[in-house]
Amino acid sequence: EGTITTVVKISGIPWFDRMETGVELFAEQNPDMSISQVGPASADSAQQLQIVQDLVAKGTDALAVVPMDPAILEGIFKRAMDRGTIIVTHEADNQMNTMVDVEAFDNAEYGAALNARLAECMGGEGKWTTFVGSLGSRTHMQWVGAGEENAKQHPGMELVDPNNESFDDANGTYEKAKEILRKHPDIKGFQTSAGNDVLGVGRAIEEAGLAGKVCLVGTGLPNPSASYLDSGAITAIGFWDPQKAGMAMNAVAKMLLEGKELTDGMDLGVEGYNSVTLKDGPGEGKLLIGNGMVLADKDTYKDYLF
Amino acid sequence: MDHPFLELRGIHKRFGGVHALRGVDLTLRAGEAYHLLGENGCGKSTVIKIMSGAHAPSEGEILLDGVRHAALSPIMALQAGIETVYQDLSLLPNLSVAENVALGEQLVGGGGRMLRWLDRGRLGRTAAQALHEVGLEPTRALLATRVSDLPLALRQRVAIARAIAQEARLVIMDEPTTSLTRHEVETLIEVVGRLRAQNVAVLFVTHKLEECYRIGGQAIVFRDGQCVAQGPIAGYSRSELSELMTGREIEARRYRTGAPEGGELLRLEGLGSGEAFQDVSAALHRGEILGITGLSDSGRNELALALAGHRQITEGRVSMDGGPVRLDTPAQSIALGIGYVPEDRLGEGLFIEKSILDNEVPLILDRLLGPLGTIDRSKARAAAQDISAEMTLNTSDIDLPAGALSGGNQQRVLIGRWLSIAPRLLVLHGPTVGVDVGSKDTIYRAIQSMAERGIGLIIVSDDLPELLQNCDRILVMTAGRIAAEVRGDAASEDDIYQAMLASRPEAAE
Amino acid sequence: MRKLDGRLVILSVLVLVLLGAGGLVSGGTYLSLFNLQSMATQVPEIGLLAIGVMLAMCAGNGGIDLSGIALANLAGVASGVVVTQFVSATEAPWLFTLAFAAGALVVGALGGLLNGIIIARLGITPILCTLGTQMLFTGLAVVVSDGRSVTIGSPDPMYELGNGVILGVPYSFLIFLAVALVLGAVLRFTPFGMRLMLTGANAKAADFSGFPKKTIFTVTYTLSGLLAGLSGVIIAARNVNVKWDYGTSYLLIAILIAVMAGVRPEGGYGRIVCVVLSAVVLQLLSSLLNFIGLSNFVRDFAWGALLLSFLAVGRFGLIESLAAAVTSARSPRASKG
Amino acid sequence: MTMTRSDPQTAARPGLAETFARRPELVSLCLLVVICVAVAVINPAFLSPGSLIDMGRASVVTGLFALGVFAILAAGGIDVSFTAIAALTMYALTLFVLNVAPGLPMAVILLIAVAGGTVLGAINGWLVHTLRVAALIVTIGTQYLFRGILLAFIGTVWLMELPPQMTAFGKASLLDFTTANGATVTLPWYFLTFPAAAVLTWLIFNRTLMGRAIFATGGNPEVAARLGYDQRTVHLFVFAFAGGLAGLAGIVHVCANRMANPFDLVGTEIGVIAAVVLGGARITGGTGSVFGTVTGVLLITVVNNVLVLVGIPSTWQRVVVGAFILLAAAFFVTRRRKLQPQIRKQAI
């Protein structure tokens, strides 16, 4: 009775594997519905577009999409909604054509929080730099933007060579981080955005024997980052639980399918989304913001094993 | 030693629908010289490739030293001492002369296994020895030169050197003398003599009967994939051989009967191109046939290329019909009505996989346009049919790929292509290289009829009988200059040959 | 008469087989008008790039165009950035659409021209040249757009171009077919087309025939660039937005399509109708896999297997033997005799 | 003798220009030197031992790939599947060691990686030989196939915890430096795989019959076959050789990165081919040298690794790399042409 398909940016990577566990959990809770997750084989918005288009043509009732690039999907989302398909998105607070965009937290708050943690480690002083997945990644730019804003409270902090692109590739990030360490031998801090950035930068710091001397705060997952957190190469990681986000998206999609009303402060029945903020989105749709932000360091990461 | 070295029994070979060999029986004995004669496409190269293991026969068997084989592999043939100089030379362009000549020895010595160390010292020694035997001084620079940087005639000798570099028992040469000058042919004949003295069998394929008579031995005549005659070559006259090959009579004669119609077409004054040739002055009248010959490094090839717009002219002037012209690009030459039939038919002339139609019309595409500015296929077909008919191609199916034609017919397609632009001047570079007597006849007739229509013709060739049979005048070039001019109806081969050598500095010493 | 082109036959049969299989597994949804239209709108952007690759391959000289999708993105991004500044999509929708399309086509043609000049005049191997320009175009698109996606907007004409249908057929697909038809005719019936194919078949012979080889290369790559520009227009129309990193996987897929269509990488041979069919086959297959809900990694596997089977079929003349088997199966009594 | 005059080589002894023309890799070498000097002038930090060592280790994986690609280019083919071979071997092998044979010594792991790559490469070679199609096309097919097998049937999960011996291999240092700010720079042992592979490749190409057979095949395959060089062996060998190097590169990549990511590597093949071509190997086959290949790899590595150092903003980096490839290629070609006019004419 109703199909909800979750479409992720790319299948197979840890982040979305974790999300899939949420989707599967939700499927168990709703045995009468047909619920599944798919995603393209490589990080290419064209491939994701194709999948969405085929799913719409197939007649799927609701799509919960984590857009690779929100802008590229605007066209198909509009057509899908015209056709009566329910569209819910995640990590796309600028998506015009969506019914509800689910965000784990307020992006500006998250970026500021990461930077506050970094500043604390740096003692509010010294050179620092930022990494983003790509210059086109809106959330990443929001995070580092908010970070820069936050850093202004500390006149001693000097931002150098900002917005390095990592393409979410740990190896490339590693090379780039080494180059930055060389160019700025006195650098004190890194704020990173894409999930793999902490791994690349962390490795560069650790290999240079600078663990504990140079601070690194960025988005990352607890399991992969564990060894670097232990060694002190990573100061702290920030994240939200993709499992919960997946469940939240599906819960919203189900409510929309059943024609239910979304209200400010409601409880989605998912941890971190027990009292959500509901705002008007950039388009017709709504923006639903939870409070799923987590900052973890050496001492606390073991509470989140995924 | 009672059985012959190599025997072919009932060999058939089919390429798709083409039945190239239709039951060939052949016996080759040690120390004997054989001449495999026949028209283009009668299967000579194919039978050779079967002996050398490059092709497997479709039917029949091969007896090597009395041992029966269904087919040979290249390495088996090489190990048995069958060495081949292929028609296309089969050199490796990117390897050095030394490697081309002497790598085979080590490969064959190891039974074809390649994961072995290379003995560089032996490589150099073997190569030097073999090059010396074909009359090339094996300097270190020569040994290290890449074959792609060598001129054609030199490559041919390198190929021959490769064949004799190892202990051979049968040396096969498929048209080895096509691009050799007369002097180089002499060296080759010496080599053959030496080989025979060492009890090595030699199998020649050639269209130059004169050379066959000089070498002597057995003649083997092929026609349409079958062996139609075998016996001592001295026992056959030229016309008998021609008749056996073609199945009809062809007399040797001077084709040139007309005379220039007067009116100067082309004038070259003090023409020069870098180091290749200098101070070339000549004139050509409408309907005249001018021959140009010389040794391979005499500058004759470069002069031909310069006229076709393929080589920069650095000094002097060219005028046509009295007015100065520039020949900087092929397109300019073509626009002036100068046609050029290149020497290397397959490499530079034909679009081998494309249809005969496509091969005949590329120069006149702009004239085949219909009202929409597109090519009118029916016009194109008509034009191609006309050319085919004029050149008497042996097929009327112009959709056949050019590669399906025999060498003679391919050359006709190529000349036909140039006829389509109604050229005022046609430069023919080696027009009958590797073409059999039958096809030569057709090509010569076509040349004469062009001259009768007032086209000026230049034939660049080292086939002296060809020049004497066809030309009004013949220019002999040496060392980049015109050394002599002789009349086609009055000179002899010997006159020309003397002129070729006369002013060469080394020969004068 | 002319022999039937085996490649054409297999591709056509495959189209039918895939449509049939899709209809079966989806209970008919696959064959619904909506899905057919949806698939048809997906073909043109990659199909046009594949034709570009084919042209480059046909010209010989190791021809290939790796810069297609990068140029398509640059065309969309550059034209989008400029045109949105001067023309308002809401106030002058037609003018806007035309200006955007013209801009993208111009950028595409210029990019192609650059490839052509580098390859023909400087004599750089196409693979190296287009690799360099691929990075250059991508980089320029990043610089122009600051790495963000550029919103083109969807004024009516633009929307129609990307998603509209006429007589049930999407405009973009019709445009694709029309371009294919025109180019097919150009290759077959114009002096340029014949010269292009002949040059690809034997560049030296083309030289001796006085063909303007440099011009031919330049025009060929410019055409390929123009196709990329058109592809960029269609991407923009379909997605409302353009971005520098759209379609990174198209690079190899375009080559895959050309090769499945039987285009000879050494030059001199290729048929546009086969490229069109080949693009359709890939689309049908990939949509079918999406319908079945198979992991997208299986699709990679399927494409590899498909390509290799194509090669095997060609190599061992399987069509001919199949045809022979079919005819002998038709008269079983005769063979049992 | 009258014969000697027709020998063009005795007339002009090869001068400097000639040497340059015959050895195009010297052009790339000069280019490399020029770039290094320029970068060092802009930012002297470039010449610090740390920076050079980083450059060296960044070149290992590309370098191993490039040597394999060079072998295939020399034989007249091209390969785009080697990254997929590397990804498949490294991931399957890491998984195997983790789950089945945790105690496997590192040397054995390396051997298995090479063997696995060799087998996959040999499949390429066999297909190229039996299907008689351009290698580019066959390897596009096998790239999809190998990657499809890896991701669809073997796994997509990132392996973050490597077996300890692999981590140790990735960390084991050959040389250590401590820089001014207390950072240490290490040249790891695995760096040696690159020079070792280069020496091996050089030996094969210049000191064995196989090397000459590969060049012969690249020069003209039909002729090579006629002269007794078994084409099947040559094809199998070059592709297997490239596959083996790719397998090695894959496992080195895993150990150096301390994680096995099945999505890695695929997508970098065109860059590797560019490096080899910049090193003087022609895409049409039969040319190139090991020295040139190494130079090409260094050239690409340096350009990719000095962008930040020189202060090129992130937005402009692709433009710069793209422009560099074009300029280098243009420089390369025009140099070659200027120095080689006579030779080209003769070749007509």
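All chains are identified by letter, namely A, B, C and D, in their written order; residue positions are counted from 1 within each chain.
Definition applied: contacts are C-beta pairs under 8 Å (C-beta built on N, C-alpha and C of every residue); 3 or more make two chains touch, one makes a residue touch a chain.
Because the structure is a prediction, the values reported are computed rather than measured.
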item: Higher-contact pair (C-beta pairs counted), B-C versus B-D; value: B-D
item: Identity of the chain that, by mean CA position, is farthest from chain D; value: B
item: Inter-chain centre distance, chain B versus chain D - centres from mean C-alpha coordinates, in Å; value: 42
item: Between chain A and chain D, centroid-to-centroid distance (C-alpha), Å; value: 36
item: Separation of mean Cα positions, chain D and chain C [Å, integer]; value: 31
item: Overlap residues in chain C, where contacts from two or more other chains coincide; value: 142, 146-147, 248, 295, 297, 299-300
item: Contacts with two or more other chains, residues of chain B listed in rising order; value: 310
item: Per-residue multi-chain contacts in chain D, two or more chains; value: 151, 156, 267, 315, 317
item: All chain pairs that touch each other; value: A-C, A-D, B-C, B-D, C-D
item: For the chain D and chain C complex, residues of the former touching the latter; value: 80, 127, 130-134, 136-138, 140-153, 156, 267, 270, 273-274, 277-278, 282-284, 315-326, 329-330, 333-334, 337
item: Touching residues (chain side chain B, partner chain C) in the complex; value: 308-310, 329-331, 333-334, 340, 342, 347-354, 358, 362-363, 365-366, 369, 373-375, 377, 399, 417
item: Of all residues in chain A, those that touch chain C in their complex; value: 11-12, 36, 38-47, 49-51, 53-59, 69, 71-76, 78-79, 83, 134-136, 138, 165
item: For the chain C and chain A complex, residues of the former touching the latter; value: 26, 29, 32, 34-35, 38-39, 41-42, 142, 145-149, 151, 154, 162-163, 238-241, 243-250, 286-287, 290-291, 293, 295-297, 299-300
item: Residues of chain C touching chain B in the complex; value: 2, 185, 189-191, 194-195, 197-198, 201-202, 204-212, 268-269
